[in-house]
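I am attaching a structure below and will ask some questions about it afterwards.
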Amino acid sequence: MPHQISDRMQECIDRCQSCQETCLESVPHCLELGGKHAERDHISMLIACAEICDTSARFMLLGSAYHARTCEVCAEVCDACAKDCERLGDDDTMKHCAEACRRCAESCRQMAKTAA
Amino acid sequence: MPHQISDRMQECIDRCQSCQETCLESVPHCLELGGKHAERDHISMLIACAEICDTSARFMLLGSAYHARTCEVCAEVCDACAKDCERLGDDDTMKHCAEACRRCAESCRQMAKTAA
Amino acid sequence: MPHQISDRMQECIDRCQSCQETCLESVPHCLELGGKHAERDHISMLIACAEICDTSARFMLLGSAYHARTCEVCAEVCDACAKDCERLGDDDTMKHCAEACRRCAESCRQMAKTAA
Amino acid sequence: MPHQISDRMQECIDRCQSCQETCLESVPHCLELGGKHAERDHISMLIACAEICDTSARFMLLGSAYHARTCEVCAEVCDACAKDCERLGDDDTMKHCAEACRRCAESCRQMAKTAA
């Protein structure tokens, strides 16, 4: 048997992957919309959020003891990204992205606490 | 609307993510088993396969025209990784990994052809 | 000894890392400038180019036989990214980015040929 | 001008890239050596360390305010990886890897403090 990926961890991995996906596909969408959606800090936030989600999923899959630390940071970045998307939340893509970020943040916070 | 992710492309993204996941969680599993499972070329193959799957998914999500080229390479690496897992296929994890690689290779080959 | 990283491969790894770096730091720069610099296809190109550079470097470092294939795609993407930066090349950052892409493409093409 | 990458931040990015490189090329090396070098926790540590180094460098290059948080985790993982390599430090590759990890951890700790 591998390193026992619990149901809770599997859910967290799934949400990290969904969040990475939603953030990355929001990048061309927001650039197309232009205006506030294409501002530097929003686009950088989307790319950075996709990045830490991928890294947290990888730490869990590899069985690294440090997944609790990457999940802690992931929860913070996802919450900030959700807030940023809600601020611009006048279209479905941003609402959808904010929801994916919130779900990922919730799971990551649980993983960070469980391991501490 | 974003850059029109077709059903076929969405399926390919999903399979790339599943394959990345299965390959990465196979790394600690195979290292634990030891012997042929822990040989250099097998472990390197699993890590490299996870990597190109993630990159191909990212190219599709970003709407890059070059996703056809990354998908083409991804199909080759996934086929090679599947063959390598089948060679060691005396446990469920390796069988499961080979299947995920084959499904991803199939989708990636379609994406590579469609765009050509 | 590890898997014999030749001088030529080491140079290619270095250029992939430089290109990833220059492309990624150009993203916030171009978004700040706005206009043509912040268009969807240019920003997506910069992110995708950084991605395949990182993946090619990883394949070489891991000793994967498929580095020739990722380097081949990397050379194509880098050439396209260089052309895109040259088109906007009215500032030093874009000139600098185009140069890093050209140097990386040159090394990657050599690696693709050597292995074939 | 881009987002003002200070000399100290540039040094940290360079060390993250060097550490990612050294950790990844140590993977096939350690698998070849076998024995304690090929144990699950050591190999997983090398891959995870390469991963968080890459992510921290990307956060700095993108100008994300959260680079301080990824650098903080990066410093912890690098210190743990250095300790793990020193434990096996009977060959030059492990000594070299431990040094790259220590240098990266030192820079990342500075970046984490400066931003706090």
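Letters A, B, C and D mark the chains in the order given here, with residues in each chain numbered from 1 onward.
The rule we apply is simple: a contact is a pair of C-beta atoms (placed from the backbone, for glycine too) under 8 Å apart; a residue touches a chain by one contact, two chains touch by 3 or more.
No experiment lies behind these values; they were computed from the predicted model shown.
*Asks:* Along the graph of touching chains, what's the shortest path length in steps from chain A to chain D?
*Replies:* The fewest touching-chain steps linking chain A to chain D number 1.
*Asks:* Among the chains, which one keeps its Cα centre farthest from the Cα centre of chain D?
*Replies:* Chain B.
*Asks:* Cα centroid separation between chain C and chain D, in whole Å?
*Replies:* Going by mean C-alpha positions, chain C sits 22 Å from chain D.
*Asks:* Could you work out how far the Cα centre of chain B sits from that of chain C, in whole Å?
*Replies:* 22
*Asks:* In angstrom, rounded to a whole number, how far apart do the mean CA points of chain B and chain D lie?
*Replies:* 26
*Asks:* Would you pick out the residues of chain D that each touch at least 2 other chains?
*Replies:* As it turns out, chain D has residues touching two or more other chains at 27-28, 32, 40, 44, 47, 58, 62-63.
*Asks:* Between the chains shown, work out who touches whom and classify the graph as line, ring, star, complete or other.
*Replies:* It is complete, because no pair of chains fails to touch.
*Asks:* Would you pull the chain A residues touching chain C in the complex into a rising list?
*Replies:* 27-28, 31-32, 34, 38-40, 43-44, 47
*Asks:* Enumerate the contact residues on chain B facing chain A in the complex.
*Replies:* Residue list for chain B touching chain A: 1-3, 5, 13, 17, 21, 24-29, 32, 54, 57-58, 61-63, 93.
*Asks:* For chain D, which residues are in contact with chain A within the complex?
*Replies:* Interface residues on the chain D side: 40, 44-45, 47-48, 51-52, 55, 58-59, 62-64, 66, 69-70, 72-73, 76-77, 80.
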